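Just so it is clear, A, B, C and D label the chains in written order, and each chain counts residues from 1 on its own.
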Amino acid sequence: MRIGVLTAGGDCPGLNAVIRSVVHRAMTGHGDEVIGFEDGFKGLLDGHFRPLDLNAVSGILARGGTILGSARLERNRLREAAESASELARQYGIDVLIPIGGEGTLTAARMLSDAGMPVVGVPKTIDNDISSTDRTFGFDTAVGVATEAMDRLKTTAESHQRVMVVEVMGRHAGWIALESGMAGGAHGICLPERPFEVDDLVKMVEERFARGKKFAVICVAEGAHPAEGSMEYAKGEIDQFGHERFQGIGTQLAVELERRLGKEARPVILGHVQRGGTPTAYDRVLATRFGWHAVEAAHRGDFGRMTALRGTHIEMVPLAEAVTQLKRVPADRMREAESVF
Amino acid sequence: MRIGVLTAGGDCPGLNAVIRSVVHRAMTGHGDEVIGFEDGFKGLLDGHFRPLDLNAVSGILARGGTILGSARLERNRLREAAESASELARQYGIDVLIPIGGEGTLTAARMLSDAGMPVVGVPKTIDNDISSTDRTFGFDTAVGVATEAMDRLKTTAESHQRVMVVEVMGRHAGWIALESGMAGGAHGICLPERPFEVDDLVKMVEERFARGKKFAVICVAEGAHPAEGSMEYAKGEIDQFGHERFQGIGTQLAVELERRLGKEARPVILGHVQRGGTPTAYDRVLATRFGWHAVEAAHRGDFGRMTALRGTHIEMVPLAEAVTQLKRVPADRMREAESVF
Amino acid sequence: MRIGVLTAGGDCPGLNAVIRSVVHRAMTGHGDEVIGFEDGFKGLLDGHFRPLDLNAVSGILARGGTILGSARLERNRLREAAESASELARQYGIDVLIPIGGEGTLTAARMLSDAGMPVVGVPKTIDNDISSTDRTFGFDTAVGVATEAMDRLKTTAESHQRVMVVEVMGRHAGWIALESGMAGGAHGICLPERPFEVDDLVKMVEERFARGKKFAVICVAEGAHPAEGSMEYAKGEIDQFGHERFQGIGTQLAVELERRLGKEARPVILGHVQRGGTPTAYDRVLATRFGWHAVEAAHRGDFGRMTALRGTHIEMVPLAEAVTQLKRVPADRMREAESVF
Amino acid sequence: MRIGVLTAGGDCPGLNAVIRSVVHRAMTGHGDEVIGFEDGFKGLLDGHFRPLDLNAVSGILARGGTILGSARLERNRLREAAESASELARQYGIDVLIPIGGEGTLTAARMLSDAGMPVVGVPKTIDNDISSTDRTFGFDTAVGVATEAMDRLKTTAESHQRVMVVEVMGRHAGWIALESGMAGGAHGICLPERPFEVDDLVKMVEERFARGKKFAVICVAEGAHPAEGSMEYAKGEIDQFGHERFQGIGTQLAVELERRLGKEARPVILGHVQRGGTPTAYDRVLATRFGWHAVEAAHRGDFGRMTALRGTHIEMVPLAEAVTQLKRVPADRMREAESVF
């Protein structure tokens, strides 16, 4: 068998672990050949690829990023790919394509699959918002980085009797904010799933100070937003250079809390440190398992599906099912978190 | 409601997170009272306990160990406890006991429950070998520590063309060895579940050296043992002071490999560093959720059961079911790991 | 002897290690009594203090922040303190005051000393910009946090062919930027000590891309600024809510580089995570030694001086000397760093 | 200029950072050529070397180990090298050799230098025991690893009322034990510099338990040994396979303490994890500076010397001076540490 593999979308710890696992299982388990397309679907369309053997993937398990590169592709070029899917497969002589990516990538994968290319997907997102899999690799690393940051920030908050507002990733789903907020012992968590009331946060902080706990940490997903009328809030404003301002909800909320509370509030925007660097052990194991099962699925001819974690097992689920709906934080998970504020 | 909580058995990162979560949920969610027994069942029998309020559990989320202490108790004293279970409950005025512990603790919990004490268990083991729950807290931390050690050891092994034998915890089940071995990129993994052939390891190392990869890391669970006739192997020998020697399978295997290979082999025994210290974000979240659900179960009168992770949900399972059988590493999980050796 | 201790100024990993060391050395080495003033000089003026014994400092060595709290004090209240210095000492019955703090604190300490209070200072700043000491505790931790962030950011930069601009602390001196930039393998470092030319950075990035290294990381001290005419640059602008914008040089430089390069550039503002949390081993050792020597100096009657690291020794230097001049990054240190861009 | 570089002796975090720095400074600063000899002096004698350019050293700053490999060489082969030193230099066309290594390597370097080869040494030892330099790279990483282990072990010790004996590296000098013991808050430190009295340790533990602190951590250098008559002690015993037993002072001391105290005592042997893996920021900076200054010294013709940290400066010191005497922990450093037991 000849297998093509590519990584698309944002950086995510564990991508290299998947690539390595695919190559190992394919070559030593089945005697397959593997090629890697560079910079995601772009490499597939432009014919940029290279053979991947055991040496090519040696030493990459613990490395962040992706040795294959990743790039965004315009929608119409993706459509172009879909239209020539079976031709592309023939051209490269690949029997299956294993794209590793997030919602956009899996949607593209589904288009290619529908258009006749044998595809086995591997889901990837640090946001953990893909339905049909319990978890995605990269998420654990992101939560770990955010938690360690909150561990550090607490001592400063406490020493200076301050409110720290920590903005973490999560544009459409609040999983990182939920879990890092719980693990970091945040006293408030704001998710995209539920507009927050600034009044509630103000009240929580005031009650803490009244109880003698003279600091607070609030964990905010970048996609969280205030309930209507709750505070002045500017989304995506443009600065004096004509660029979008890098001033998200975290900064705006800190400004608002300082104004209302009359206490120092400081924003900390964690940003890209959450998505790079060496993956946690959890993410390395999950990514390695996904790679193994993707190859096995390919050999069973189980196309049009992607790997998914269900409990302790890896199962294959239809791509169609995976991308129809975002996995959001349900109300009962939020209730668990609120209990320890 | 008045809730008693205790921690028993070995140290495990996340114990404090459970205690904190129990206290928060009980007090702020239900207006309960909570008392903590000291040093496990010993405190229950000897009447050593203290009230736990929000201040008592402040700042302990990220701390390893247990603020309540833990001690082993002889079997006959446990039987004594079981016999006077309902009396003990009355004596302390507790409506429910929440013991947090491993197999032994949960067995004791079941005895108490059978004898009439309302009990809700919380499973705990860094070994991850309790059936009926997908994972236990503490395990992720242990795997993380072992993985980081292997990351470090690899560079030494490579620079010096050596074989490193890393002994990790796991007396009866090999989960830590399996997952840290996969995550740390070990080239051989030895589990208690399957006697290993030294010949296989020798062959693997020789093939690696032949391919130009002049080093190897082998991850061995402390409970692993060689296949009969595979190597001389002394279990539990006694030293000159009349004490059991602290020389486990890791050291013996390193000695044997050096002899057969004619190459330097070195044992590294990770030991107790795996079970102490600050828990990972994963373990803090799981422990916090277990605490929340234990309190909810208590309020539902859902006694004689323990919290369990099933997929992404926390469910209650009968204590009886939990402790009848050890969860061992199945053959297919080992196959996944072998693929990337 | 009766010793008063206080911590003033910004949070800094290692403060608790000094306090612990002072208490241990004073009590067990000399049979002294120690009291701790709360919230810096405020506690001294307002009479907020508490006795510190071995139990009070148990378990704080590895904890960030300061158990005594810290607060800023207005200049005129400080003058008030200086005027009543000897009276204050008498009032609390202290034979010596050990203030632990940065430039402002040491200046205040000098005023108190000049006014007749026996004072032994301990220098503290994560910025490492106090003359007369080779290093200050807290600095190593800050550099470590910033370096780990750059390690993580590199994989994202590389996978996405991006320029990452990392803003680190350092308003007046660029030590954190210099050392974390060197340790994190930054390709450009901008310090307050030397206005930077945007053209140089643009050229560096373009040359890297031309060589096939399609990413770059630039490390910028928050106090760095462009050479005149080098780019549009707004210092301390005010946003629509009347607050100062939290948009520093890092963000502005990223915007400018993206504009000129036509490549994605992203700012990452590390902020307060650099100054909180558990200190590195280096900082714990240095802080512990400072505490020990401060007590010894007090017993020798060596007042009006502060502890300082000189090579491998701790020496006492006059407070006057310590605060007259900021320690800036000299040109030859910058040359060493430039070599590996 | 044509520069030869090699790494010899044990693995040490920061070796790659030196190599990278040498190559960068030599090539971009001076237009030099650099070749790297493989496996230490062995490569020099056997003619195994490869050219090193910017690509060859790309991405190695944060990697442990050494890309050039390292191997021990018998004394008589070293003498052979010394005898043909100038011939070797001519043969490879190198104008200078930069050997990076510990005491043995620097002694060999001195022999080569005396025999006419232009040599600039770079000192390397995780033990920090080379005179004439304040610190060596690798040491900070080793101390950090040992400190983190002690942080973890304390919670287990405390939860189980145990004595933990942590054996760290340091055969002839106790720097790692001293600094990790201080940073990890050990309650006893045993160094090679001073035979320890078991009675003192027993008394310390008993006093702690009497004060209600029911645990203790003792940090022991592998080269520490008991005072005569203090305990039975077997050095370098041979096991049943004819190999030296891997049972060092840490294990023996734990056995002895358990016997005398009647309390659980457990040994933890950190071993090779201390010397591998990614270097701390401190070590990366120091290693990078050493590389820079070695190249500058070569261009100044400053041969027969090695780089050394003196305060905040890098200076060149004669190789002769560097290797005559081991740098041991002086009594006053030990006194500082004892204060906080």
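Keep in mind that, in the parts below, a residue touches a chain if its C-beta (ideal position, glycine included) is under 8 Å from a C-beta of that chain, and two chains touch if they have at least 3 such contacts.
Just so it is clear, the structure is predicted and the values come from calculations on it, not from any experiment.
Asks: Starting from the defined contact criterion, work out which chains touch subunit A and subunit C both, please.
Replies: Neighbours common to subunit A and subunit C are absent.
Asks: Any idea how many Å lie between the Cα centroids of subunit C and subunit D?
Replies: From the centre of subunit C to the centre of subunit D is 29 Å.
Asks: Express in whole angstrom the distance between the two chain centres, defined as the mean CA positions of subunit B and subunit C.
Replies: One centre to the other, that is 40 Å.
Asks: Calculate how many whole Å lie between the centre of subunit B and the centre of subunit D, each centre taken as the average of the chain's C-alpha atoms.
Replies: 34
Asks: Specify, in ascending order, the residues of subunit A that touch 2 or more different other chains.
Replies: In subunit A, 151, 278 touch at least two other chains.
Asks: Which of line, ring, star, complete or other matches the graph of chains that touch?
Replies: Graph shape, chains as nodes and touching pairs as edges: a ring.
Asks: Which residues of subunit D touch subunit B once you look at their complex with the stated criterion?
Replies: Touching subunit B from subunit D are residues 10-11, 13, 15, 63-66, 69-71, 145, 148-149, 151-161, 164, 232, 234, 239-241, 243, 245-247, 251, 254-256, 258-259, 266-269, 271-273, 275-278.
Asks: Provide the residue numbers of subunit D that touch subunit C in the complex, in ascending order.
Replies: For subunit D paired with subunit C, touching residues are 20-21, 24-25, 28-29, 58, 61-62, 134-135, 140, 143-144, 146-147, 151, 179-180, 182-185, 213, 278, 280-282, 284-285, 288-289, 292, 310-312, 336, 339-340.
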